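Both complexes shown next keep subunit A, but they swap its partner, so subunit B is in the first and subunit C is in the second.
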Partner chain A sequence: MSLSAARPLISIYNDKNEPLGTTVALPAVFKAPIRPDIVNFVHDNMAKNHRQPYSVNKDAGHQTSAESWGTGRAVARIPRVRGGGTHRSGQGAFGNMCRGGRMFAPTKPWRRWHRRININQKRYALVSAIAASGVPALVMSKGHLIQDIPELPLVVDDKVQEYSKTKQAVVFLRRIKAWADIQKVYKSRRFRAGKGKMRNRRRIQRRGPLVIYGQDQGLTKAFRNIPGVDLINVSKLNLLKLAPGGHVGRFVIWTQSAFSKLDELFGSWRKTSKLKKGYNLPMPKMANTDLTRLLKAEEIRSVLRAPIKQKRSVKKLNPLTNTRAMLRLNPYAAVLKRKAILTSLQSRRKRQELLAKKRGITLEPTAAEARARKLQEQRRAAIQKAKAEKAKKPKVEKEEKPTPGKEGKKAKTPAKGDKTPVKGAKAPGKGGKAPAKGGKAAAKEAKVLGKEAKAPAKEAKAPAKEAKAPAKEAKAPAKEAKAPAKEGKAPAEETKKVAEGSPKK
Partner chain B sequence: MVDTQPKEKPAQKEKTPAKEKEEGKKEKKEKRRELGKKLPAVPESVLKSRKRRDLAKAARVNVALKKRTEYYKKRKEIFKRAEKYVKEYHSRERDEIRLARQARNRGNYYIPGEARLAFVIRIRGINQVAPKVRKVLQLFRLKQINNGVFIKLNKATINMLRICEPYVTWGYPNLKSVRELIYKRGFAKVRGQRIPITSNAIIEKKLSKCNIICIEDLIHEIFTVGDKFKYASNFLWPFKLNTPTGGWRKKTNHYVEGGDFGNREDKINELLRRMV
Partner chain C sequence: MMSSHLTWMIIRNNNAYLLKKRNIKKPFSTEPNNLNNLSSYRYSGLIHKKSVGVVAAPDNKGFTVVYKKSRSSYKPAKSVVKRTMKAGPRRSLYKLKRLLRANKYRTDLTKAALRRASAVLKSQKPLPIKKARAKKSD
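Up next is the complex of A and B:
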């Protein structure tokens, strides 16, 4: 419960369960800290105060003149009853282990039966119990059936105090929907378990609602025969009734005059009580007990350090066998591995060539050699085609000339492929389409060349991918081969220049 | 059942109870009407957490970006260093050979420098060890059988090795041995814990002061016994090696007597191939 200074208004109900229209501000007692530990302690000690003493007879077990036979008689040394002629003679006496002997530590009536409790503690417990009776959750958890009552705390018109007939009281309880609680009492009527049955405590039942009144004008007589109902005057509040069993949260029905008197009885934190000399309500330890909101509050969060997350341990992989683990530790290892693979391939090739020479066989070209040859042929074809087209269209040539240097530069900066279409667009006519495509091709090339530029650092990703680098070179000319087929001559020239530049890299 | 929890009326302490009642009632009725019309609002806590999350995300993105750029810079640096070291090792090797050849050409003799790095392996167990030997083995961090450490060779350590000779075998590791040991069996001492060296960050965190930021740096420092050899080798947890496949010759004799303990100079590398 958050103990804000806000005191909501409680509406008062008449005996027909209609809100009268008048309201009372909630007395400060209901905002007091609820301390079940104090309530339990005080209840424990208070409950001891209505005990009746018990003890055994002080003579019990000593009404004999027994004396020990001593040793040498082949019997235990326990005092034995004197005389003869009866069963009793010679039997053990006095000891707690003997039949008919006195018990160990006979109970005495001057045992400390009652307990005194500090007044402030008693008041604290009382105040806590009253506060808890205003919390629906606590009352429900105590077991009272309060689902249908109009409001909690339930305050009723003073007319109830004038009831004289039990029938009236029953009707009233029914009307304010407290009857369910009393039905529960009826249902809980049973025999006590244990020896209490034969000690005049035969039957037990649940506790029902507690009616607290300001003035008894017949009310007690009306309600007292209803099982489970208890009645107290507000000036004589009893913790044993407000927190039966030491547990807070009894269902309480207040009358209006009783409810209004609470402020005088207990005061508020600002005003001392009028009826209890110098008494003030207890101060809570925490002003704001809403833990969820506290933990989300900025003021608290800003001061906390960051939570320490448990790092799961990483599995160790042997870098000498696992290439990924190796590259994580030593990126240069890729270069070494790649070199090793290449040199081994080369040396193998050399051996084969040597043997072939000796045997006089011509070897098949390696994949790389075959690709290189293809590349050359394609280039030758492209150049010838371009020459043929040059013979047809001299105009396009002139306008393409200013762009080559720029396009060449563009090719070197890979990420700026976007600009080339714009520059290409300057040329009109058929050149309009072609340069755009030239731009595209250049952009593609740019990307490819960009890739190649990064290759030394990134080729290493998979050492066996060394074939990709020449593959990329092959791709670029392949694209160029397509593009010149559609383009004008000059872009093809540029592409040729740029492509020649790339293998040099 | 009507809830009597306070409906946010904070500044009402001064008002008289009568006024309170009236105003309270009115406000309650108004609120009920309002609530009937409005759509359910997003709870404040949700809004708060959203805001907090967005701020945190923005901050995180910045930090992540910075970290990434730094990471790439470091990767470049590590690459360059590794390259440099490969060249250095190669040139060292060739230097030795070159000097020897030069000397031979002139009819002279080239005496290579004495070894500066040793790898020491404990080959005997825990029980019945003489106190002096026990202490020396403790100082070398050889607390278990088949534990190995890198040791810088100087007068002091050589004398220590002499004291514990029957309990250890040692020799001069070559580059391959050093690499294999550190890559395969390399564990770091981080906050008193034995942590596997799975990334350069572990090394950098501890040894950045010694200008060692990656595993290749570490290997270089160990192999070419540098200034910060002490820190580098102390950073490494003592190596836990397997018993050699193929077995020992005779642990109770010195290597020169046909056994295993003592200085076996270069032959330690063969042993390490079988133990790592």
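Up next is the complex of A and C:
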């Protein structure tokens, strides 16, 4: 990824959050390896460098001429204060356990407060921190609210460097949608926990965006009063500001001149840096870090041997308690079980009925019965409705010719034949299909039957039928209605409809 | 340039959205685009180029799917797309599934996304009235 990585173009935004149109190529720094371990180490050590020494007074606890009383006096052998006439006389002195004695290992000002860090390590850390500031995932994970900023890394026109009023700065931050981060700073203002409160470190707040500029033409004064905002010059980049807390991913706003200077400062792998003698960006351990792609890459796969698949032990499931395991071993068990359940239900029902009979109570129908009954009624109602509608259109239908009449005849005869399949199938889905099938199949039968039936029944009805044939739906079934059971109509209607419908389909 | 694996290794134990609780081995995550709020590589909403989030819709009817456009991963303002599903549960769940499956968008997250969407929808139904007290919520 390092040497041959493509360097995308970053657009520069003006202070009104519009892309200027100019673009800069991403400096190579942003592709440097990100090493949070190095950053952490360097940050730890760097942070020690601005410490001020503390120690206790060198005389503390020794400003007495105490001497031990020795043995034989029924007291502990600790040195005791001489003289008399005051509480202090005879009290223990000098020891860390004594009241008024010096502490154990009194802190000295010549403690090694500062740490030196190798220059290359410092630079590595810096470079990692800069690279991390260009990755949205890392900046967001650090907690900065950058959901609405236009691009990352965020590069802004140099006009910002000329701001002199904080008001301008605020408006600018608002416009590029960095204000949310600053509001977060406002909300995070709180008192420090602990003794720091009384040691002049009373209040704490979050860190906001970092503005890195090329030349300060008033910018610092404009931004410095906004809480959370830090300002740095590009030539003096500070790890403590770029990776506060030792964690990478601070939200950085670059000005154009600062951004362009990065290449000179750090170089790219092909060129050494101009401003740092002989320095070149660190080499990554892994050029391509995308594991998923690596694992699927042909170059790697072709060289690997075939995977050895270990047969994993499957947990044994007890078929007596686990139905699926049972079915795997004996598929017929499903049938047996179902039978068992149904028979038990039936026998239970029978018992209930017997009892009810004895007691003279009428039982509620079982759920299945109730459902079936309901269905039947619904269908009846639907059929009645359909019939009623068709009864209103007799004239339109009359225009139609004998062919529909034949269909009508066909439909009537299968009406009887259809009863059984339809009756048997009371489930809704089946109800629709059975008559359809019955209709088609029976249509053929109908022709045969129809001819036979024609002779006796139709002589009387024939003229009437043919007249009504077009009006079949309305009247003919109305006649039929009286003769066979009502259910006969239902399939008749349905078969007609379906028979007409199906050829269309 | 930063692969999701790398960023995950950097972030996994150390980020602003990490939530650890006592006696719970796997830490939670409070980031916005995480489908089951677990801090894990697969479900993280920040590290991948493509991610899915499901939130209740603003007027509390239906849910909003938020997904990332894989091209503009460096332009946070433009990378997020929101689609609100207001139709009833059967339809919106189907739409969600379609959205993810048809575009092969993080298909490993479809189940989790559907679950989250159903949970959102369920929370929007009025609670069943209990015997003595009538409890109704949004």
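By definition in this document, the second predicted complex is superposed on the first by the 297 of 505 C-alpha atoms of A that agree within 3 Å, B and C clash if a C-alpha of one lies under 4 Å from a C-alpha of the other, contacts with A are read in each partner's own complex, and residues count from 1 in each chain.
The definition used in the following text is that a contact is a pair of C-beta atoms (placed from the backbone, for glycine too) under 8 Å apart; a residue touches a chain by one contact, two chains touch by 3 or more.
Here the structure is a predicted model, which means the values were calculated and not measured.
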| item | value |
| --- | --- |
| Partner chain in contact with A:Leu336 - subunit B first, subunit C second, else both or neither | first |
| Partner chain in contact with A:Lys142 - subunit B first, subunit C second, else both or neither | second |
| Partner chain(s) touched by A:Ala381 [first = subunit B, second = subunit C, both, neither] | neither |
| Which of subunit B and subunit C A:Glu151 touches, first, second, both or neither | both |
| Touched partner set for A:Leu9, first subunit B, second subunit C, both or neither | first |
| First, second, both or neither for A:Ala356, with subunit B first and subunit C second | neither |
| Dominant contact partner of subunit A by residue count, subunit C or subunit B | B |
| Partner chain in contact with A:Leu291 - subunit B first, subunit C second, else both or neither | second |
| Partner chain(s) touched by A:His247 [first = subunit B, second = subunit C, both, neither] | second |
| Touching both subunit C and subunit B, counted on subunit A across the two superposed complexes | 5, 8, 134, 136, 146-152 |
| Complex contacts: residues of subunit A adjacent to subunit C | 1, 5, 8, 30-31, 34, 36, 132, 134-138, 140-143, 146-152, 177, 247-248, 288-292 |
| Touch list for subunit B against partner subunit A, complex | 1-10, 12-13, 17, 20-21, 24-25, 45, 48-49, 75, 78-79, 82-83, 86, 180, 183-184, 196-200, 214-216 |
| Residue numbers on subunit C that touch subunit A, as the complex places them | 1-7, 10-11, 14-17, 31, 46-47, 73-78, 80 |
| Residues on subunit A engaged by subunit B in the complex (per definition of touch) | 4-10, 22-26, 134, 136, 146-153, 293, 296, 298, 314, 316-320, 325-326, 328-333, 335-336, 457 |
